[in-house]
Structures are given as structure tokens and as C-alpha cells.
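What follows is a set of structures to go through.
Shared chain: subunit A. Partners: subunit B in the first complex, subunit C in the second.
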Partner chain A sequence: MKKFLSIVFVLILGGLIINHLASNNLIPRFGDVVLTDRVSDAYIDRDVNGGDEDVAFGESEDLESGAANTVTAIVADYRSFDTLGEVTVLFVSSLGVALLLGQSKRRIGLEFKPNFMLKIGSRALFAIILMTGVYVILHGHLTPGGGFPGGVMIASSMLLLYLADDEFRAKMRGFKVLESMMGLLYIALGLIALFISGVFLENFMDNGTLGTLFSAGMIPLVYSIIGLKVGSEISSVIDHFLSEEGAS
Partner chain B sequence: MIQIAGILLMMLGLYGILTNRNIIKIIVSLNILEIGLNIFIISIGFVRAGEAPLFSSEAKSNALVFVDPLPQALVLTAIVIGVGTTALGLAFAKQIYAKYQTFELDEMGEE
Partner chain C sequence: MLINVLETLVSILLIVLAFLALSSKSLIKSVMFLSSLSMLSVLAFVLMKAPDVALTEAVIGSGLVTTLFVFTLLATRKVGQKQ
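Let's look at the complex of A and B:
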């Protein structure tokens, strides 16, 4: 009976949404969006605060936001305060996991005895995954990626070590210090911008040429902070899930 | 078409949340709902024959047609928050399992 009611409810709700989408003029049909009607056009043209410059890859200098990746320009520059809140959400959730699972002493063992080759091979792969994460973080303003995916890559390299070695245990104290330091640094960066330019988290550094590695002012800095913070947070979540209570 | 697929995934996830009595399955349903929502939000910004919102040596100037970058930035936020809620939900599930030795909601509270 409950299943039948759920099916009816879900079908009616889905039908209403699809019907509403089909008859609503405000939401254009799939693929027929005209971007010049939307706010996002200003983000691509980099003229949110006025001005009408052409944006050209490798040539334009000192644009409003110097990141070649427009999504990064939105996330880490135009809406940086929003990202500060997002980082806080992740911090609160990792804090909640730490509070719920408590001070677990012993890590959960593996069901097999890892041999020598597995241990050494996973160490080699660990370095490659870690460097990929760092690359993705540092090139967040040029290519797809950035602080959040890069941070998760760093955490996944830690997960590999946890899964391949039953004696491995990361030093969680270091991760906690790193995480708090990065959170403080992000806010400190915002306050420095407040003193220099009068707006919290405004990009106060030189924007450089669009498309070069040393460009986009504050964005690589912000994304390195976010990457390290997300990496240490997810690593500590992994450690909490892979350990249980009891004496070591 | 993609929009309808996104809505279908959302409805599938909602159905799973309504009918399942297993904590892990509820969390998985929540994730399916979230993926459907993300696909739907991204599909709102799609422009046919548009470039990815990224200046590169292939797409050099802002005179080209780009896909809407704003929904993508919002979905990035949504994905991160989804990771947070999933981690917290799984931590609750682990605590519940440590107390009751089961993930089934119906079998709890009998000891």
C-alpha cells in the first residue's frame, strides 16, 4: 500500500514538473538558451562592473577577473564569499563526523595480508595521484578542475595508502592543524583585501595576462588554500571511517 | 531530453527515500536525487553548439558562443555540500550500526 501511494505521489509530482517546464516561457527549451539575455554573459565578457573590453586568450591584460576558466572566475572571484560559506559547510560536516565517530584509537584491519609488492606499488601510485591533485589545484584558473576536485584527489591518494597497507595510519594531528590554518588564511586573505580595496575578498593582486600560469591574481592562492583544506578534511573523514574504538 | 532524464532520476530518488527502510539505501537514494537535480540544473544552461566556458587556445575570444557558466558554478557548490551530507549521514549510519547491529529501521529498538 505504501509503495503504491509512493508511486502515485512520485508520478504526479514528476508529471507536474515536466508539464510546468513544457508550458513555461521563462525556462527556454533544452539547448535554445540565448546567453545574451542572461546575467552570465557579463561573467564571460568580464564586464560585471561595466567596461567593454574584448577578451582574447593570451593577449588580454588586467581584465576584471583574469582566470581563463570562467567557472573558476565565478567560484573563486566573483562569488568568493559564497565559496567561503561552502568551505565552512564542508568543515562543519567533517567536524560532525569527528564528533560522531569520536576519538577512535585503532584502525580497522584488512581481510588479507598485503604483500611487499602491493605496499611498494601503492606508494609509487600515491606519489602520482598526489602530484595530479597538486597539478589540478595549481591549474584551476586555466583548465577544468580547481581546489575542490584537486583536494579530493589528494584525499583519494591517502585512501589508497589506507587500503593497501594495514599498518598505515596518517598523522591526524597534522591534518587538523593544516585544515585550521587554511581556514584562517582564507579569512585573513579576505581581511587583507578589505583593508586594501575596501571589499571583503576582492581580488587585489595583479591580474596578469589571460591564460598564463602566473595570472588571475588571488585565484591560484585561494584555490591552493581550498585544495589543501578540502584534502585534509576529506582525509580526516576517511581516517574516522576506517578506525574503530578500542585501545591501539 | 536530458532535463526529463534529470527529473526521472530525481523522482526515482524520492521514491527510494519514501519506500526504503534501510539506512544505507536511504542515503544512496538521497544521492540519486541529488545527481538528478545536478543534471537538471546543468541542462538549464546548455547552449547548442556552445563551447565549454573556458578560454583556451581553441576558444580564444568572448565573441564565440559559450555554455552558461553560472549553473556549473552552482552545481560545484551543490556537489561539495552533497559530499558533506553523505559523509555525515554515513557517520550516523555507522553509529547506529554500532548500537543495534543492523541497518534495517524495522529491526531496531527490540533489544
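Let's look at the complex of A and C:
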């Protein structure tokens, strides 16, 4: 009876939502949107402040935002202040985990004993995953990815070490120092931009040629900072999750 | 045409996997269904031409969250079970 009622409820609610969306004139039909009227077109052409130059990969120089990946151009350049807020959200959640589980000292033992092959294989995989994370961070302005996925990749390589070794404990003090240093550095970068160009977190460095590794000015710097910060934060969250109360 | 068929297939499979993850009695099976759900949603994101979201979903959804869930299930014990 309960299941039947919930199915009826879901059907009525879904019908209402679909009916409302179908009869709403504010939302255009799929494929009928004129993109040149939308703000996203200005982000793609890099002419938010006016101007109508064509953008060509590998040729255009000194654009408004030099990142070849448009998502990165928005996240780390046009909307860098939002990213600062996002980093703060992650910091607060990691702080909450540390407050709740910070007393725990001893590592949780695993139900199974990791054998020799698992230990050695995960050491090799650790290096590969770490390298992929660093690659994703450093090429954030060229290819999909960036600071957040790359940082989580670094953290998951740490998680692999935890999985493969019973006794493994990362040195958390170093991670905490790294995390706070990176948070400070991000704000310091914003303040430097404020002094140089008058806008907080403005991209004040040379943009270079679109599509080359050393381009996009401040974006690789910002993404390295974010990547290291996210990586150390999530690593410390993992460490807190995998330890329990009791003396070490 | 082929892409349309693939998209339809993926969305039906997503709903089926979400239902299985909710309704399965064993917790570890539920986690496995959830993991395959996020793996399939990576495919859906790639089909919708959002590689950035797909990368994040692959790393967080099917990598980190699944491993953390499995770790937690390994570390917890049923009431009355011996150490």
C-alpha cells in the first residue's frame, strides 16, 4: 500500500513538473535557442568587455582570458571570486570533519591482510595516479579538468596507499601546513592583483598565445594552488575517516 | 541516430541502476550499484559533451566515494558480532 501510494505521488508530482515546463514560454524549446543573444557566447568569444575579434587556437594572442578551455576561463578567471568561495566551502567541510573526528588517533584495522602483490602493485599505481593528478592540474587551462579533479586524484592516490597497507599513516601535520599555506597564497595572489590592477583576483599576468602550456597568465598558478589545497584537504578528511578513538 | 539509441539506453540503465541501488537489501551490493551508476553517468556526461563534469564525476563519484563507502562497510560490524 505504502509503495503504491508513493508511486502515485511520484507520478502526480512528475506530471505536474513536466506539464509546467512544457507550457512555460520563458524556457525555449530544445535547439531553438539563439546563442548570440546569450552571455555564454561572449565567454566563448572572449569579448565580455566588448570587441569582436575571432578566437583561433594556437594563434590568438593577449585575449581577455587566455585559457583554451572555456570552462577554466570562466571558473578561474572571469569568476575567480566564486572559486574562492568554493574553496572555502571545502575548507569548512574539512574543518567540520576534523572537529568531529579530530580526537581519533589509532588507525582502523582492515578485515583482510594485504598480501605482497597488493602492496607492491599499489605503490606502482600510486605513482601513476599521482602523476595523472599533477598533469590534470597543470593542463587545467588547456584540457578538461583542473584544480578540483586533480586535487581529488592526488587524494585518491593517498587513499590507495591506505587501502594497501595496514600500518600506513600519512604525516598529517605536513598536509595541514600545506593546506593553510595554499589558502593564504590564494588570497595573497588576489591582493597582489588588487594592488597592481585595482580588481581583486584580476588576471594581471601576460596571457600569451592561446593553447600553449605557458599561457593564460595567472590561471595555472591559481589551479596549482587549488589543486594542492584540495588534495591535502581531502587527504586529511580520509585520514580522519580511517582512524578511531584510542591511544596510538 | 546511433548516438540517440545509445543515449536512450544509458538513461534507461541509469534509472534501473538507481532503483536497484535503493532497493537492494545488502549494503555492499547497494554501494556497487551506486558505483556503476556514477560510471554510467560519466558516459552520459561525455555523450552530452561535458568532459569537465565527466572527469570530476569519474574521480569523485566512482573513485573516492565508492572507496570510502567500502572502507566504512569494512570497518563497521553488526551488533553482537565478535571483533
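Descriptive notes on the structure:
Rule of thumb we're sticking to: the second predicted complex is superposed on the first by the 233 of 248 C-alpha atoms of A that agree within 3 Å, B and C clash if a C-alpha of one lies under 4 Å from a C-alpha of the other, contacts with A are read in each partner's own complex, and residues count from 1 in each chain.
The definition used in the following text is that contacts are C-beta pairs under 8 Å (C-beta built on N, C-alpha and C of every residue); 3 or more make two chains touch, one makes a residue touch a chain.
Predicted, not measured: the structure shown is a model, and the values here were computed from it.
In the superposition on chain A, contact is made by A:6 with subunit B only, not with subunit C.
Legend: residue contacts after superposition of the two complexes on their common chain; A:242 is shown touching subunit C, with no touch to subunit B.
By the document's definition of touching, both partners, subunit B and subunit C, reach A:148.
Legend: residue contacts after superposition of the two complexes on their common chain; A:210 is shown touching subunit B, with no touch to subunit C.
Of the two partner chains placed around the shared chain by superposition, neither subunit B nor subunit C is touched by A:228. Legend: residue contacts after superposition of the two complexes on their common chain; A:159 is shown touching subunit C, with no touch to subunit B. By the touch criterion defined above, A:71 reaches both subunit B and subunit C.
In the superposed model, B is the one of subunit B and subunit C that contacts more residues of subunit A. Once the two complexes are laid over each other on the shared chain, residue contacts for A:45 go to subunit B alone; subunit C is not touched.
Shared interface residues of subunit A, touching subunit B in one complex and subunit C in the other, are 69, 71, 144, 148, 152, 234, 241.
Looking at the complex, you find that subunit B touches subunit A at residues 1-4, 7-8, 10-11, 14-15, 18-19, 43-48, 50, 52-57, 59-63, 65-66, 68-70, 72-73, 76-77, 79-81, 83-85, 87-88, 90-92, 94-95.
Taken together, the subunit A residues at the contact with subunit B in this complex read 2-3, 6-7, 9-11, 13-14, 17-18, 21, 27, 30-33, 35, 38-40, 43-46, 54-58, 68-71, 74-75, 79, 82-83, 86, 89-90, 92-94, 96-97, 100-101, 142-144, 148, 152, 210-211, 230, 234, 237, 240-241. Residues of subunit A touching subunit C in their complex: 69, 71, 108, 110-111, 136, 144-146, 148-149, 152-153, 155-156, 159, 162-163, 234, 238, 241-242, 244.
Taken in their complex, subunit C has these residues touching subunit A: 51-52, 54-56, 59-60, 63-64, 67-68, 71-72, 74-75.
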